[in-house]
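Notes for the one structure printed next.
Order as written gives the chain letters A, B, C and D; numbering starts at 1 within each chain.
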Amino acid sequence: MYTCGIDVGSRSTKVVILDEDSTVRGRGWRLTGGKPADAAHEAYNEALAAVRLSQGSIDATVATGYGRRLVGGDVEQYTAVTCHSAGIYHAFPNTRKLIDIGAVRSAAVKLNDHGQVHRFRFNDRCGAGLGRFLERLAETLEIPLEELGQLALFSRDPQEVPGICSVLAETEVLNHITRGKKPADIIRGVSEALAERVASMLRQVWTDDGEISLSGGTAKNAGMVHALEEVLGKPINIHHDSEFMGAIGAALIARETIDKKLKTGTSA
Amino acid sequence: MPIARLIESIRQKVDDPSYPEIAEWKASHPGGKAIGCFPVYIPAELIHAAGMLPVQIAGAMGNVKLDEADGYLQSSVCSVGRSTLELKIDGHFSGLDGMIFPSVCEISRGLSGVLKRYDPDFPVIYIHYPQNLKSAYAKDYLVNELNRLKSVLENLSGNKITDEALLDAFKLYNERSELLSELAQFQLDHPERLSASESYLLRLAGVVVPAERHNAIIEEALKLLKDSGDRHPVRLRMVLTGAFCERPPVEMLETIEAEGVAIIHDDILLGQRWWVEKLPLEGDLISILAENYLHNTVINPVVFQPESTPCNHTLDIVERTKADGVIIASAKSCHPAHHDSHCIVRICEEHGFPFVRLEFEEDQRVFESTRVLFEALLEARERLPIAGTDKGNNVVGST
Amino acid sequence: MLACGIDIGSAQTKCVIMDGNAILQGRGIVHTGANQQRAARHALKAALREAGVEEYDLSITLSTGYGRHSIPFSQKSETVTICHARGSIYRYPETRTVLDAGGQEMTAIRVDAEGNVLDFAMNDKCTAGTGRFLESIADLLNMSMKDFRGIKYHETDPLFVSNACSVFAEQEVINYLEGGKEVEDILGGVFEGIAERGASLLRRVGLEDEITFTGGVSHISGVSSALELVLEHKVNSGIDGVYVGALGAALLALDQSKHR
Amino acid sequence: MKAAQIEDRARMMSRLLVERYYRELDAPEFSDRKVVYLFTSGGIGEFFRTFNFRIVLPEINAVHCARAKISREMIRYGEALGHINEMCTYVKSDLGLMVGPPKGNAPFGKIPPPDLVVINHCGCSTYIKWGEALAREFNCPVQIIDVPFLSEDRPTESEHKYVKGQIEELIPVCEEVSGTRFDPDRLQDVLKLTEEAISLWLKLLQYGKKRPSPFDSYFEGVVYMAPMTIWRGTSEAVEYYELLIEQMEQRLAASYSPVGEERFRLVFEGSPPWPTFTRFKTMFERWGAVAVASTYIRVVCACEGLTWGPDNPMDYLADLAAQSFYNWNHLKKINFIENLAKDYEVDGIVAHSVRSCRPISIGQLDLRKYFATEAGIPTLFLDSDIADPRFFSSSQIRKRVNTFFEALDKRRKRAAEVKKA
């Protein structure tokens, strides 16, 4: 029994194939780069090759992410909120609060005790593009995206950055560079501003019990995680596979639809 | 389906920002003048009685880029404010012979000042409605304001506003209120046969045509609806609130309805349904208008009615219509709507209603985030154990 | 007598050397990156090489833009808008209104015959980051800013792209990509959005003949032809628009040295 | 007294008046006095003072939160209550402080909950929503004084009657809530003090005409105006402004300028960015730029164009309630600022637009267009926010301020050369 999840993000496309006890067997990754359908197809084949399986042996596939409708084939579609929640709940069953910082859209989700979405909130119009902003920050400071996070931890004098919108924050970052501020201090300032914005989203869907988990590509950014933990005053679960969390969740939901069909006697 | 054809014909006309019907009306009414009315409520009865065409200003519906207006109004101003100025500057409003601005908020007030300086010989009238409805001095003040408006309209049109003309106008607009509430009742009872976006388009048809034509359109629609079949999927019945002034893009409602969410009650174009009861027809008509403004106005975010808070008002509607939840849709930067929304959010939480909160803007082209919002809401509800109304099971989303 | 002007932009650093009677001797342009002093030095080296002179031959250097005070080898500095105003009349002497669209800010300036600033208006907080916005769109489409120069605006059927906020416009571009729209039409819409922002700024300071379009973004012919369409008015622009700030700085250096 | 002593006494007195105000709000000996919530624009504090009310102004709470650098935290609490990004940051700060976790405990004082909310709706429709929200949260009665937006330069007869009538209708409500009978003579005495304070205040503003101006009517004016909000109608306010005038005379004698050497004379239009007030102030100080006149200080107390006096108390109160700067129409504002520019011989105008505050920012761009392109007065347009520091982009604002003054400086040098040649 194999299920597959395809997460077509605006930045990158991730595919995973899970076996019956939901461990990741095969995986595929491609830059979406303006051609979502091709990226999904290539990543899917890469995952299949990794598991040395033919397409026929996949029992159910679910697509998610902004390009989910372009995947084609008899593939069910679910939103990123539902998939990231299913994935994170599977990884950390005590999670009641989920933050997903995507390239364009960020979401704060409150889960009930069954790991289902009880309340969620997207960023408002001004808070869009947080993921993309961190990428551009790395470009401006000429630092690889992965190292952005670690550097922030060494900051001793964080520079204030207006967190209302990424365009405004960028002009302020350039101003800090001009005044010779150290990259570590600038990144720390940016992380705190973005953390503040995400935290205000989370507070509107808040529940006091349960753990907080961070999903999506930004989870690898240690500086962001640290800033979020400071603003929220609570530890945050980070999964090593957080970038693929959406795709894993999609595959888990594919499994759920199979089990539901078996229960109601209608064969797949 | 004839009803679909009628609505489609209205959609084409409504999308044209130059309001072509004004020229049509002026062709058949030589010397006739048209007066633009900024939302929400303007006493159209007075304008009609002066033999003029009341034109309800409803923005450019995204067909016009707001680059001229950006020279005068900051980007934190709502779209209807900026597009009204844009349509005036780039000539789309050339058919209008004057504009009336009510005391809705500082945008309406500020815009009237900017326009007065931009075009000093274009008549701009600002009318301040009383907010202290309980004060014994409010009625005299409002009668004075309405008489001031009446004399301005008389000078502008060159016609005397006789009692007979005003009485005819009262009857005409009473009839319209009746037809509109019949339409709203049909939208509530048969969402599968009349969607909110269609009912909204039928109301929009009256934005630029005289009341008589608008009544005829709605009458015809109601007739066609009688034997129309089911056309819209209904998975969830929700109430929409917050879009009382700037009107939302039609595509936004259609995006929501495409997910199977039926909007069975809304407050869009609230100015057309301002009176709770029909206006009486005996006595001095100006003081009837003033009297009714103080005691017979629909609950809304821009009149100070402390005895009915926005939350209780929304709760009554949800219970009366037996809706599954509430959509709080407010225009971007609309302060009155945003202030009320936090109180409505709290009442939904206390009563376990699912609610969705979103913003709209006139030059919005992409409704992807609106669509994902409702998709995620419905997905979550289906995966909840039993989608009941107890506290645990309401699912809420918002941008 | 050799005057040098350095303009450290958010995206590119430009350097210009001219002689006593304002004849251009050499130019240099480099990517600014994270170290502004280093970029200024490299741009100067390139200009010196083209002019065939050494640094000690320069009589006066004036710097502008980011970090203008901390350029070791420049004696004077001015703000970017003052330099753009002065430089705008170098190639088009009849200029009276300037639109400078650089990496971060867009500025409309009204100038007199000598290139002095009479009035200026900068973009609203929400519509900042023009050049930066184009770079991220290029990134999304796997193209470079140079590829944009090949786009003929009049041959595109521009899609509607919001001109209110660049972050939001980016989302619209992503959705058009998802909808399989033509890249040319998307770019047509993007150029039109920027042109409209420029036009509303120009209207704030008042349109006076001749209008000159300067700054890095003015190199993209698609944007300047969109601007002409939106303004319904002829606009001077050209491939050296990006140097106008540095030209102005050099000219101001000359003006100041003449007075002594 | 030597000049230095007067400077210190004036600074000390303005600080003391603020501290005493907040101490008395929570003082045990006044705990039997009821609390009324009012708003600054068209706020008639004197009327409620005669009923021995303790007076709280939610806007002043928001200003002091910003000055005490806690507005970001209060706004965070306000947003957690559901007030989203778009809305007035004063409202979010105040509701965050009063309804959020702090429950009215601020570093500058403990703010008591209201027994009565009076919405003096004069120029700002957000007051209505703010007042309703406070009354709902604290479950207390709410009344409104609805002031029509001035269609002409002065309130018309019908507008005046409507406002005056509503103030009279408030008397029984105040008597019931405060437990104090209305005393017309006491009101008249209080209003005499108000009139005196207003005339001294107007006299103080005239000092801006001097060269150099001893007084910055924006960066110092917004501090000096505090007693006009919280102590109007008391002898303390009169004493304070008498001291300030003495201070100005001393400064004149020493030809003192608040920026050292006065190089540019400006009119400031719009409210200050409170959380980044000092950073904003130094940007202008560096250029020797002084606000010789400003408009924001005319919001808290109508002082020009009053037709009535203390001998007709109710009419005078109606006038004070109606003629605040927020309630002026667009054309009246432009004419007034143009006269200020002429009378105070200024070099330019600075219009600071704030995102939250509609009565201030709507029309400011048109105002800039008129002065810069038609009236030929160089005008700088800046935008940030009154209480949320996240909207203050210092690099954007610093660049515009520097460009504005460099252009002004160049033009002045060129004009000098032309005169010489």
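Here is the rule we go by: a residue touches a chain if its C-beta (ideal position, glycine included) is under 8 Å from a C-beta of that chain, and two chains touch if they have at least 3 such contacts.
Please read all numbers here as calculations on a predicted model, not as lab measurements.
Farthest from chain D, judged by the mean position of CA atoms in each chain, is A.
If each chain is reduced to the centroid of its CA atoms, chain C and chain D end up 41 Å from each other. Remark: chain B and chain C have CA centroids separated by 45 Å (rounded to whole angstrom). Distance between chain B and chain D, defined via averaged C-alpha coordinates, is recorded as 36 Å. Touching two or more other chains at once are residues 66, 124-126, 168, 171, 174-175, 204 of chain A. Contact with two or more other chains is made by residues 71, 74, 332, 359, 361, 368-369 of chain B. Along chain C, residues 105, 124-126, 128, 165, 171, 175, 204 each make contact with two or more other chains. Chain-to-chain contact here is organised exhaustively, every possible pair of chains being in touch. Within the complex, the chain B residues that touch chain C are 62, 65-71, 74-75, 361, 363-366, 368-369. Within the complex, the chain D residues that touch chain B are 81-84, 86-88, 91, 119, 121, 123-126, 128-130, 132-133, 135-136, 142, 144-146, 148-149, 151, 158-159, 161-162, 165-166, 169, 329-331, 334, 353, 355, 358-359, 361-366, 369-370, 383.
Looking at the complex, you find that chain A touches chain B at residues 66, 78-82, 105, 112, 114, 116-125, 204-205, 256. On the side of chain D, the complex with chain C involves touching residues 365, 368-369, 372-373, 378-379, 381, 383, 391, 393, 396, 399-400, 402-404, 406-407, 410-411, 414. Residue ranges on chain A touching chain D, taken from their complex, read 124, 126-127, 160, 162-164, 168, 171-172, 174-175, 193, 196, 199-200, 203-204, 206.
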